[in-house]
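This structure is in structure tokens; I'll ask about it shortly.
As written, the chain order gives the labels A, B, C and D, with residue 1 at the start of each chain.
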Amino acid sequence: MSARYDFASDNTAPAAPEAIEALVAANTGFTSGYGTDPVSARAGDLIRQMLDADAEVRFVASGTAANAISVAALCRPFEAVLAHDHAHICTDETGAPGFFGQGVGLIRLGGASGRIDPAELTVALAQPDISHRQSPATLSLTNATEYGTLYSVDQLAALTQPVKAKGYGVHLDGARLANAAAAGFDLKQIKSLGVDILVVGGTKAGMAPTEAVVIFDRALARRFDARLKQGGQLPSKGRFYAAPFIGMLESGAFLRHAAHANAMARQLADAMPFRITHPVEANAVFVEMDEERLSALHSAGWFVYRFLDGSVRFMCSWATTEETVQEIGQVLQKLA
Amino acid sequence: MSARYDFASDNTAPAAPEAIEALVAANTGFTSGYGTDPVSARAGDLIRQMLDADAEVRFVASGTAANAISVAALCRPFEAVLAHDHAHICTDETGAPGFFGQGVGLIRLGGASGRIDPAELTVALAQPDISHRQSPATLSLTNATEYGTLYSVDQLAALTQPVKAKGYGVHLDGARLANAAAAGFDLKQIKSLGVDILVVGGTKAGMAPTEAVVIFDRALARRFDARLKQGGQLPSKGRFYAAPFIGMLESGAFLRHAAHANAMARQLADAMPFRITHPVEANAVFVEMDEERLSALHSAGWFVYRFLDGSVRFMCSWATTEETVQEIGQVLQKLA
Amino acid sequence: MSARYDFASDNTAPAAPEAIEALVAANTGFTSGYGTDPVSARAGDLIRQMLDADAEVRFVASGTAANAISVAALCRPFEAVLAHDHAHICTDETGAPGFFGQGVGLIRLGGASGRIDPAELTVALAQPDISHRQSPATLSLTNATEYGTLYSVDQLAALTQPVKAKGYGVHLDGARLANAAAAGFDLKQIKSLGVDILVVGGTKAGMAPTEAVVIFDRALARRFDARLKQGGQLPSKGRFYAAPFIGMLESGAFLRHAAHANAMARQLADAMPFRITHPVEANAVFVEMDEERLSALHSAGWFVYRFLDGSVRFMCSWATTEETVQEIGQVLQKLA
Amino acid sequence: MSARYDFASDNTAPAAPEAIEALVAANTGFTSGYGTDPVSARAGDLIRQMLDADAEVRFVASGTAANAISVAALCRPFEAVLAHDHAHICTDETGAPGFFGQGVGLIRLGGASGRIDPAELTVALAQPDISHRQSPATLSLTNATEYGTLYSVDQLAALTQPVKAKGYGVHLDGARLANAAAAGFDLKQIKSLGVDILVVGGTKAGMAPTEAVVIFDRALARRFDARLKQGGQLPSKGRFYAAPFIGMLESGAFLRHAAHANAMARQLADAMPFRITHPVEANAVFVEMDEERLSALHSAGWFVYRFLDGSVRFMCSWATTEETVQEIGQVLQKLA
């Protein structure tokens, strides 16, 4: 029996039909390269419209690249990014911020369920600027968080305001921005929160590989294409990165599919016989589960990960079905 | 009238049906991520089979990334890559080798029509190792070359042998490897030539964005996935990078489309009223054309580039039709 | 009253007469540059003799550079250095390993009084190699440690053996190697411990700015001068970095001064009215001291630092006098 | 017979008495570290006074580091430095700008005798900003040049004005600024020329290893100490880098010694039986000399280099004596 990856991550799903159809539709005729094509332009417009904001928009191949290039644009090598201790850029990107930023550091902050504790941020911002360590230059936030929770606009403002007051940058990792939006996060507030660079996740939202980098401050966007090209992130056939966004945004599938993923997480939580360790606010369910039971689940053919905080993570996606939720629910009931 | 990009590059074309169909076919069900899926495995097998060689195979998003990561794996920051003065890594990748290699240098060698002059290589290799400059550690070759010419196996061997004798690495940029193969270059000889890392171009061969990195020396492949992940080149939905290769290789379209592109270049050369400046051996035609005539061609709606050597380049691709060749041929006749 | 820095660090002291005299003596006549001069050769011989080992020896300007260049030679950007959580490379070098190593990561291990807990090392080495994080490639040790304690040869062997068994490198930061040697650490065991690159501290030992980088594995030394030159660490007038080592080693002052510094720390510990928080085994005394008393000490004109573990650090050097120890001892008695 | 390096470079000489005496004089008592000491402050004042300008001043260990850190502060990795094809940063620093700047590129401009041809600069500045190559962000100048010639203030202005008009930075490599000043270059004009960062050479001017980095634009100086620390260029015993400047500047030896070196070059030029290939305006004499005669000169015990343009270079320094000039003059007469 081959392993089932339905709940292993939200990137184990295929791309949604709306994304693929748009990709196929964009694949006609000759066009100019490197993101100068009309498909890329149209996708940029749709993203600006979704955010209700003026911004430069680029499309890149991976979330790691999108995040690392963003923080490298906001920090110098002898500076650091403030981020949650379990943020993806801290734990799952193989040191990409340091690679793209030539040593850019990470200042890791605590906080329950993936949300940065404002008190820890205050302490970090109050540290004197000394030459022996990397002082902060940017705050990196993630919404929805790595623990499937949500920041409200007010919670984000409480974090971004003191950072902007210091003249520092703000990066928002929106690998699961669709899930946040579907859960009520108002995307039109992002710019006014002081976010400098936003990454709008395509892959986890159900697209073929693509992520949008949204640069609100046009000064930061100067020579950004050269930055991307040098970083291996300005593919010639740019329409392939832009088209899935068109398909998902024009049809409303971006939010609709995310709402479905969130609903599936809610159903899974309801069916879950193990203690749930974090609020289920987006498309993830984290539970307390010992090694024996996790092994048994793996043996039963369902692959899921033990996460950084020790709990076990179940992710839902646009492609998760009610039937599968019921199926794994029954398996879990037997293990509990 | 919007510009026509048919001859501007071989990456202005859409992806071929075989590539897209395979991509759509691969887009079913849940699967493990980051290149561990069966689609990626199958594509790797097909590439090993095409090369008749054991090797590690990875798929990345852009040729710039593929090349830069390759040379960074073969050089340290205080060393340099030997490459043709007009090689893509020297002229069109925004210094990506230096970025991925933290300052890796380029030693630019001359040679007619994009092929490195062996005498210049000999001189470069004979330079003493001194600490004030970046000594060579790798030779980077391109086949077919940037000028649409071909290296024969013997010509390549004459370049790789002295390099391997020094213990240096060899990188082969195969952005247009399909065109080279279709023109008679035997891909099964690549490993025995001493190539350490080969890039098999997908994009210009008619695929959606994807390039295969083939690492013949398994010692070099150690922790290569971490290298790719850190470099933003290990996308979660890896099957999207692998599937187009399956579609093109299983069907024979990889070579068949390249042969077509080469034939179109031959037809265009035959119809060309301007002096042809480089042998037409693959899918490019370079001609002598003054600024006035180039402007007129642009005004007539056909976009092509003036290249580094001053000649004007016309690229053909899998999607170039005989009709379009005739059409531009007639436009060019009027301008001549 | 200007502040007194006698106990602030062991680099606030001037250079010892033996170092300066050698520097002045070396400053005669014309000589070849970039470390090819006879003074550099002689200093290298003395260091090899001290270590009873064959090795390449180079002299650089700062300990940060010496350490960062060493670990960059032993790790690739997508790999990491295992080091004590409070090691100088982790806490006081502004991310230099990441800068020189283009993102090289740090895996921070705990352990009492600056010595790595072997159990934590075991756990770190047992982690699977996964592409999402930087796996270890090198262990960095410090002797004497940042907390003024000593590793014995056996304690070091317990750390280096499992690391070498994995094929990883070992770096030894010897900023205070003289103090360790004076406290009984046998320098002739360093090579057999499996250390690949050793930094022999000059500055803190009482020299003008200079640090020796000792590369035991000659394969690692290939093109090391180019590495140094590119890193801004191959000064033309190399004799100025080598001469202080000659003065200190030929005269025995290297060990003698360190023994004095250690003795002064012992005396200061004896006079100390505050609880001592770490074993006094080299030239540092760490004590428990509240903020009010530290402020009072500063107000009394004596500058010392509160360290990472919260205790207050008093460093002794070759230039610390018994009188000064008594003087600050009396000040401290009044504050206690 | 051991080789004589009197004319091999101006860094083969020992340090001048004024520099060494100041260094010895500064070596008393305890002081704060990392350039916060009174000696460093005093040296900074003297340099500001010499330049008649407000600026941040830092002292580093090598010219390569000083230059590379400067251009890295003025360029991003996907940008490039405009410099003379034979500028030291292009030819003799092992790619340090690319290392410190993570791939920062070099755009190499021609020009007779080491001075950039303004027409070549104009062409370079007129290139469109395209994402496939590294567009310029900074101009790097050298005065006196690598060919022992001088830029006048007007010649420099003709180069800096169009660069500043584009909003780009200007770096001035003053490894031989003393020689330029002694030859009439008005140091008080440097700031008004639009130079952003100036390197004032200490080593070649007759000091122990030290170079001053002068940052005219205070915004650029933000967190510069952290930049230096991370780059291994913020040594703890900073007074050793600052003191030589005090000795040389307070005594006037900085200019006096440079004037002597220039005069010696003039005398050597007068005695030279070979064709002189570049104007002798500072402390270098370049001549046309075949390989046989150069070999004979080496065999006679005098080491000099064949330079990049094929001519042979004789450098004079503060320590060059009239007797030595006569001595080598006679040797050369016999070879001619």
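As a working rule, a contact is a pair of C-beta atoms (placed from the backbone, for glycine too) under 8 Å apart; a residue touches a chain by one contact, two chains touch by 3 or more.
All of these numbers come straight from a predicted model, not from anything done at the bench.
Chemist: Starting at chain B, figure out the least number of steps needed to reach chain D through touching chains.
Modeler: 1
Chemist: Tell me, please, which chain's centre (mean of its C-alpha atoms) is farthest from the centre of chain D?
Modeler: A
Chemist: Which chain pair shares more contacting C-beta pairs: B-C, or C-D?
Modeler: Looking at B-C and C-D side by side, C-D shows more C-beta contacts.
Chemist: Report the inter-centroid distance (CA atoms only) between chain A and chain C in whole Å.
Modeler: The separation of the two C-alpha centroids amounts to 41 Å.
Chemist: Centroid from C-alpha atoms only, then distance chain C to chain D, rounded to Å. What do you get?
Modeler: The computed centroid separation for chain C versus chain D comes out at 32 Å.
Chemist: Using Cα averages as centroids, what's the distance between chain B and chain C in whole Å?
Modeler: Measuring from centre to centre gives 48 Å for this pair.
Chemist: Using the touch definition from the top, which residues of chain B touch two or more other chains?
Modeler: Residues 77-78, 93-96, 99-100, 102-103, 131-134, 226, 229-230, 234 of chain B each touch two or more of the other chains.
Chemist: Draw the chains as points, connect those that touch, then say whether the picture is a line, ring, star, complete or other.
Modeler: complete
Chemist: Any idea which chain B residues touch chain C in the complex?
Modeler: Where chain B meets chain C, its residues are 34, 76-79, 102-103, 129-135, 223, 225-230, 234.
Chemist: Any idea which chain A residues touch chain B in the complex?
Modeler: Its residues touching chain B are 3-6, 8-9, 11-15, 20, 23-24, 27-33, 60-66, 68-69, 93-96, 99-100, 102, 203-204, 208-209, 226, 229-237, 240-241, 303, 319.
Chemist: Write out the stretch or stretches of chain C touching chain A in their complex.
Modeler: 77-78, 80, 91-105, 131-134
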